[in-house]
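So that you can tell them apart, the chains are marked A, B and C in the order they are listed, and the count of residues begins at 1 in each.
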Amino acid sequence: MTPYLLDTWYAAGWSDDFGADMKPLTLLDQPLLFFRDSAGRVRAMSDRCPHRFAPLHMGTLCNDRVQCPYHGLQFDGDGRCVHNPHGDGAIPKAAVLRSYPTEERHSLVWIWMGDPARADSTLIPDFAFLSDPALVTNRGTLRGAGHYELYSDNIMDLGHAEFLHPGLGAPAFTQGPRDIYQRGSTVWSNVASLDSELSPLHAAIKQLEGRRLDWWVDVRWDPPASMELTLYVDEVGGSRETAKWTDRGCHIMTPETADSTLYFWANCRNYRRDDAALTAAIQAGLEAAFENEDKPMIAAQSAMMKGADFWSLKPVLLAGDAGGVRARRVLAKLIADESARNARAADASPPAASPATPATC
Amino acid sequence: MTPYLLDTWYAAGWSDDFGADMKPLTLLDQPLLFFRDSAGRVRAMSDRCPHRFAPLHMGTLCNDRVQCPYHGLQFDGDGRCVHNPHGDGAIPKAAVLRSYPTEERHSLVWIWMGDPARADSTLIPDFAFLSDPALVTNRGTLRGAGHYELYSDNIMDLGHAEFLHPGLGAPAFTQGPRDIYQRGSTVWSNVASLDSELSPLHAAIKQLEGRRLDWWVDVRWDPPASMELTLYVDEVGGSRETAKWTDRGCHIMTPETADSTLYFWANCRNYRRDDAALTAAIQAGLEAAFENEDKPMIAAQSAMMKGADFWSLKPVLLAGDAGGVRARRVLAKLIADESARNARAADASPPAASPATPATC
Amino acid sequence: MTPYLLDTWYAAGWSDDFGADMKPLTLLDQPLLFFRDSAGRVRAMSDRCPHRFAPLHMGTLCNDRVQCPYHGLQFDGDGRCVHNPHGDGAIPKAAVLRSYPTEERHSLVWIWMGDPARADSTLIPDFAFLSDPALVTNRGTLRGAGHYELYSDNIMDLGHAEFLHPGLGAPAFTQGPRDIYQRGSTVWSNVASLDSELSPLHAAIKQLEGRRLDWWVDVRWDPPASMELTLYVDEVGGSRETAKWTDRGCHIMTPETADSTLYFWANCRNYRRDDAALTAAIQAGLEAAFENEDKPMIAAQSAMMKGADFWSLKPVLLAGDAGGVRARRVLAKLIADESARNARAADASPPAASPATPATC
């Protein structure tokens, strides 16, 4: 039983991570091979040759065909073997790589890890702001130790900021009321802080030091671990909808393995847009926060858990955990439902001709 | 079933290892946090926050309170949560760290790993000589690979000295009769060597080269792995009780994990007490013997055992093994008795309200 | 159940790997100790002292006796304990090291890992060419990650050369018909290429660039993984038997563990014998091919398999796999037969006096 939700979209990387070269990535414990074909489409398939299990990314890519480095089988972007240099050149029926649907959307490449027949691109969460020309974007990728839900918990409870990120905390994150609600499988965890000060760092980059303001932070979570985090800031008496200063961010996690995570983050601001020095300072600051603060803390937390299931350790829950726990429960139910559905489908299928007997040669 | 004796005192370190800073230590596979409070008392508790399992030693210590680095819960020296910065600040009942009784005695800090109600400081073995001002002390700490009983076996059979420690061997250690006896759970393994030469190194540091002497080595073992080793040297016809030259040593092992050990050693002499150069030479010599001879040999022995139980490998026993085997049997019986007692106690208790269901938030 | 064939000869190394010093080697997961005794005979025994499991190779070798580094037991070349320095010096019956038959033949040292009573030196495959003074030999040893059958598969299908070894490929290796046959437990996988060009590298070292020739490559496999690979080259219309140019090679693999392999290779040529520069160039070229091409590919293949059994991964088989698959099946049957035979023998034996109770001291 896989511990992952399969019929869903996972971010595989930023668009410009995928060029003409082959890019191997492990996602959900699967060794995968990505490349952008000559039509500009990102293709994803197993990185393991079905002949002798060599990693295909050690081979060559030519004319949209991947050639195995060991014995030279060639595969197209759909994972079909299209050339066998051995013997009479007949292509064995089983010489196929599993391939995966991909979608490129607003500067991110998404991959569907489940049944390709169910891949529905309308299910990709909306991160349109990532390609909004009216915003200035900082972004990055982190690879860290720890289960991906430890990373999404981290965003769903911003109460950690005061302790882990000097200058980013604010009383609203720890003591403020939270508005937690669910629409379908989307969970929202929102905080409002009226007539109050921003965190020192947020005030500084907006040149709002010492000012009292109305501000809101909305976090939208979609399974498996894709979050939008928006900070709206306005004059006292203003509104979220017409806020003068906004930072829209994404925090999207993809499990590499059960104990390591890829984390795609961005911050897109609508203020001081021509200030390149500010853009560079935000980039440096965010990279430092993610690499030097979040990543080692979550790695340490994961090491302390020694591979145990989160709930088996009986965590004491605090007020700030409400959003993260809701998201964990939604995801757990989706995985259980999917497993049950797949088990029923397996029961209903006639037994396939045993593939355990290799073809004789 | 834990493989460790729990209702007993383990050495956690030397007194001066514990200062105002937090000190994390893994003992018996448990991540523990130590600090010396403002009253000078060494406190010991779990290093794992019950909220999100962050390592508390990465946080801060202020006014005898440990603050979690991740979400800011604060705990006092008894492990009680005394501050929750989140929500209304109410402290969840389960927000408690397991804490451990400690005792500081004759320059060592001891920790009781079992039921605190049974912690009895009179059970700490007597190492009063460690703080005897009439003696000059050399001491140190070794951290090495291997089960702690491999380390205690090493001391219980000094017959290894001739082969592992050039200059420290003597025929009495290999061929001499041993006086092995047990009083309660204390095991003695003693050697007497009358009208004979000391080992070359022992003769040299006592300036007794070439002299025939009466000498005795007594090893007292207390469970789980605390040994006193005393060398008494006197003129021929003298006696152990009035020996002119004595070296009293401790060899105390504490399991870090099943495969690694903390080893606290000391040697306290009553001769050439003002000779600082001798003190420095003994320090260098002992450190070299422990680090370069005992430690790699026991690590190699442990690697050869590949995690197997000692008895399952059917060791061939030699004369020198009598003391170590007696100690192993005493300890095995204590562990078995304790496990049986704890199992009976668990059977007799009414089932607790299931703690597996986390508090809702 | 061991996964290895035991009643067979494994190569342990080249003759000159074994000198007067003790040489530890892990073979078939067993820590072994080798030394050449004063009569020039290579002796092999367990490297683990039966007393306290210390690695004997950390001790000393004197007068053909190995002395344990920890407590000084001494063992002779048959593994018998011949000296006990402890107590009254009596030698415990169980103080015996398992020893292994060895044979030195044509510059290789072989070890029999099974029942010594069945060791039959006539079963060592014929590699007489390795010590033929009429040939010039290049040779080496590789230690690599991966199961040893991945290494033998690599030689049994030379179709990989075109893709993995630039300059060593030829159409005959991929498309040519193969002559696969079995005699007893010996498998042959032969290729003939008449009136054709050699691979560029083979043509170059024979100074036959651009020439059309008749050539043959015969691979002889003997279990568990000992291969002779011979390239015969002659003028068009010539014959294998009277070929002018021959390269006889050995490719002999010995499992170190289930996931690592020792690989002994050689190439012995009958041409340009006085050309020392050519000899050096071949040495460098072969070492580079093994270390930089075969070894990382097989390690990568092994990593992709994540410890799974080869057949459980349902490999797609190609024309070139016929020889390797035949060899795998022969070996699997030999192992199954041996296991069954040993199980029957165990059933038929009266129970031995339990060795689980250690001797008291």
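The rule we apply is simple: contacts are C-beta pairs under 8 Å (C-beta built on N, C-alpha and C of every residue); 3 or more make two chains touch, one makes a residue touch a chain.
Worth saying up front: this structure is predicted, and the values here are computed from it rather than measured.
Chemist: Would you pick out the chains that touch chain B and also touch chain C?
Modeler: The shared contacts of chain B and chain C, listed by label, come to A.
Chemist: Determine how many degrees of rotation, between 0 and 180 and to the nearest 5, align the Cα atoms of chain A with the equivalent atoms in chain C.
Modeler: Angle of the fitting rotation, chain A to chain C: 120 degrees.
Chemist: Can you give the whole-Å distance between the Cα centres of chain A and chain B?
Modeler: 47
Chemist: What are the residues of chain A that contact at least two other chains?
Modeler: Answer for chain A, listing residues that touch two or more other chains: there are none.
Chemist: Sort out for me which residues of chain B touch chain A in the complex.
Modeler: My answer: residues 31, 47-48, 50-55, 58-59, 67-73, 84-89, 92, 94-95, 355-356, 358-361.
Chemist: Which chain C residues qualify as touching chain A in the complex?
Modeler: It is residues 153, 157, 159-160, 162-164, 174-175, 297, 300-301, 303-305, 311-322, 325 of chain C that touch chain A.
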